[in-house]
Amino acid sequence: MSDTIELIRRQVSDLHQELVRYGLVVWTAGNVSARVPGEDLMVIKPSGVSYDELTPASMILCDLDGNVVEGEHSPSSDTAAHAYVYRAMPGVGGVVHTHSTYASAWAARGEAVPCVLTAMADEFGAEIPVGPFALIGDDSIGRGIVDTLTGHRSPAVLMKSHGVFTIGADAKAAVKAAVMCEDVARTVHICRQLGEPVPIAQADIDHLNHRYQHVYGQQPAAR
Amino acid sequence: MSDTIELIRRQVSDLHQELVRYGLVVWTAGNVSARVPGEDLMVIKPSGVSYDELTPASMILCDLDGNVVEGEHSPSSDTAAHAYVYRAMPGVGGVVHTHSTYASAWAARGEAVPCVLTAMADEFGAEIPVGPFALIGDDSIGRGIVDTLTGHRSPAVLMKSHGVFTIGADAKAAVKAAVMCEDVARTVHICRQLGEPVPIAQADIDHLNHRYQHVYGQQPAAR
Amino acid sequence: MSDTIELIRRQVSDLHQELVRYGLVVWTAGNVSARVPGEDLMVIKPSGVSYDELTPASMILCDLDGNVVEGEHSPSSDTAAHAYVYRAMPGVGGVVHTHSTYASAWAARGEAVPCVLTAMADEFGAEIPVGPFALIGDDSIGRGIVDTLTGHRSPAVLMKSHGVFTIGADAKAAVKAAVMCEDVARTVHICRQLGEPVPIAQADIDHLNHRYQHVYGQQPAAR
Amino acid sequence: MSDTIELIRRQVSDLHQELVRYGLVVWTAGNVSARVPGEDLMVIKPSGVSYDELTPASMILCDLDGNVVEGEHSPSSDTAAHAYVYRAMPGVGGVVHTHSTYASAWAARGEAVPCVLTAMADEFGAEIPVGPFALIGDDSIGRGIVDTLTGHRSPAVLMKSHGVFTIGADAKAAVKAAVMCEDVARTVHICRQLGEPVPIAQADIDHLNHRYQHVYGQQPAAR
C-alpha cells in the first residue's frame, strides 16, 4: 500500500513538470491529482508551492472528502473540486486543473471549442464543452465538472470565466488531455481569427474517435 | 543590518530571473526593487546590465530619494519612480517594472484590463487600471503610479504608452503581480479577439478577492 | 547495409528533437521518417513514445508497405501515409508530419498560404497548397499528399482539417521544410490580422526560387 | 591586428546566440556581422551552418566588397548587403538581419511601425520605416537599407516582403536594435488588434530619444 502511494506521489510530482513544459501554468497556479487505486484516497499538489520546489514528498495525501491524511502543507485550494470528481466518477483516476491561456480565453467568453481538427476528433470526440460559472468554497465547481462531463466524450471542460479541468483513467491521461485541450483551443482560435473553420462531418468525428479510443490501442478514457 | 541587506540583495537578484523565466523582459529592460525594512533604503537593479550578469553584489543600495548608498553601477533609470512609491506608500515593500507584451499593448491603447477571470478577481480584485502618460526624468511616473493605485485593489497599473508597474508587501509579491498581470492581460486580450468576455458580477469579484486576500492564507497585499 | 540503417536510425531520432525545439509538436504527436537509400525500407518514429524517450534503437524499420521489419514498438499511426509517399515519389528521401499551430490553422480553414515573403519564395516557390480531407486507415492521406505535391514546387502540403506533411531529398530537408512552413504560416497569418500582404510578382518568385534551389548551392528538393 | 579579429570573431559568434535566445531566427536564417575597426574588413556568419555549430573559428572574414579573406565556408548569402552598408555608412560598426515574425509581418504589408511606446521613442526615436522590395544578387538590398536609414533616427528598417536589417555603432548595438525591433513590432501589433494606439506627441518622442541617446549614457547609435 505505502509503495503504491510512494509511486503515485512521484508520478503526480513529475506530471506537474509537464504543465510547466507545455506552458499551461504560471507561478503556482494549476494542479494535478491522482486517485489511489482501490482506496478512498487521492494525491494532490500542495497549495502555493512553486513548481521548482515540488517533490514527491511534498505531495499531499487526502481522503475523498478533501481532508489531509498525510502532508506538511495545505493541499491545493482546488482539492474539493478534485475530490468531488473522484466521488462521483468511479472510472476517473486523474484530474488536472489549469488556467492555460487559449482554453481560458474560450472559457471567458463562455464558448465551446468546436471539433474541427482530426486530432480533436481523436482525443475529444466532440466540442470541448463549457461548464457553469461556479465560486470556489463549496461543491459548485466539482458538481459543474461532473454534470458537464458525464455522458460527454470530451475529457476536458472549460469552466466559465475560470479555466480548464480534465479527467482521465489515470493522472497521465488527464495531463495529456490538458495539453491537447490547450493545443486545439489555440489552433482553432488562430484559425477563426481569419475566417471560419471547415466543419468535419459528425460521422467522420465518430469514426475517428472510435478508432483512436478503441482500435489504436490507447486505453479508453475514464468516462 | 548588513545581513538583512545581503539577504535582500540576493532576493532581488534572484527575482529578476523570474522576469526572464516568464518572458516579461527583453535585453536589459525591466527591474525589481525591495525596501530594506525599517530603513529609508531600497535595493534595485543596476542600469544596463544584462540579466545573465546580475548578481547579489551588483544590486544597488539607494536611499529613498534614489541616491546611491552602495554600488558600483548606476541604479536603474526607473529608480526615481520606485523611490517615489516607497516614500508615498509605507506598506509597499517591493516594486516591479516591465514592458511585458500584452500588458503594454493595453497600455498603448490606454485601456484598462476588465476583471473577467476568477484568477483576476483573486489577485487584482478589480480591473487593472491605466495610469497617466508621464515622461521619465522627474516624479511624474512615481506620482502617476501612486495616484492610480492608492485606494485601488489592483497591485498593478498600466502606465499609458509605457508599461507596467506592480507593488507588493515584498518584492516577491510584486513579481507575482507582474507575472499575473501579463498572464491575465494575455488571456483577456485573446478572449476579446473573438468576442466579448462574459462579465463577472461585482459581488462575485468582491467575494473571490476577499477570500483570496484574507481567508486563503496569503499575506494581504500592501495597499 | 546495417551501418547505413544505424546511421539513419540516429538521424531520424535526432531530427525529432528539432520538432520539439521549434515547438511544432506536443505530447507524442508528429513524426519523421527517412528512406533507406537503394532499399525498399524506411525508418520511422514508434507510436505513442514521448520525445524524451526516443532513441536510435527505438526507431522502427519498415518496408514500403508499412510492415515492421525491425522494432519493438508499433510504428507511427501515420506510417501508411509515409510509405505511400515513398512508393509514389522515388526522389523523396524524407517525410515529416506535424500539427504545428499556424499551419494547422490554415488547414482548418482549408486555405493555402499565399507566397508573400522572399523566404517563402526561396523555400516553397509558390503558395503552400491545401490537400483533401482524408481519414486515417487506408491510402487516402498518402494519396492526398502525393496528388497535391506532384508537380508542385512546395515541399509542404496542408492536409485539410488535419495538419502538415512535408517532403525532402532527405529527412533533414523535410524537417527544414516543416520548420519553415510553420514559420511562414505564422508570419503571413500575423500579417493578415491587420491587413493584406503586398503581393510578390510571379517573375520575382520564380527568380528567387530558381536561385535558391539551383545557384545557392542547396541540394534541389526531391520533386 | 589578429588579436582584434579573434575578439570580433568571438563577439559575432556569441551574438548569434542572442538571436536564438530571443526567438528571432529559425533554422539557419538570420546573420550578424561586425566591422573590423580601422580596416576594410568585416566578420560575418557562414552560410547554411546551424546556430548550434557556430564557433568563433567558423566565422568568415571578408573585405568590404564581400570577398572572403579567411574562412572555410561561404559567407552568408546576405554578405553583399552587409558590405554595402559598411561602405556607405562609416559610423556603422555592426549589422544584423533577421526574419523575426512580427517585424516581418509589418514588412509583408509594407507598413511602418508607428512610434507609440516610450521604449520605442527611446531606442528608435521615430517610426520603424519600410525599405523597398529588393531582390538578392546585387546591391539592391544594401542600397535600400542605406537609402532608408540615412538621416533617420531608427537603427532598424523593414525591407518590404522580406524582413529586418538593423545597424549600430557595434554588433552588440545592432543586435539590441533587432531584439527591440521585434519586441515593439509585437507589442504594437497586439495593441492594434483591438483598437488604435494613443499617439505620443512628437515633442515627447524627441525629448525621450534625446535623453536616451545622449543623457542616459548610452553610446549614440551610428547614424
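Points worth noting:
A, B, C and D label the chains in the order they appear, each numbered from 1.
Note that in this section contacts are C-beta pairs under 8 Å (C-beta built on N, C-alpha and C of every residue); 3 or more make two chains touch, one makes a residue touch a chain.
A quick note: this is a predicted structure, and the numbers were derived from the prediction, not measured.
The fewest steps needed to get from chain A to chain C, moving only between touching chains, is 1. Copies chain B and chain D of the same chain sequence form an interface built mainly from non-equivalent positions, shared numbers / all numbers used being under half.
Relative to chain C, the chain whose mean Cα position lies farthest away is B. In terms of their C-alpha centroids, the spacing between chain B and chain D amounts to 31 Å. Chain B and chain C, compared by their mean Cα positions, are separated by 44 Å.
Residues of chain D in contact with at least two other chains: 193. Chain A meets chain B in the complex at residues 26-27, 29, 47-48, 74, 77, 99, 101-102, 104-106, 108-111, 133, 135-137, 160-163, 189, 192-193.
Those residues of chain C whose C-beta lies close enough to touch chain D in the complex are 22, 116-119, 176, 179-180, 183, 186-188, 190-191, 193-198, 200, 204, 207-208, 211, 216-218.
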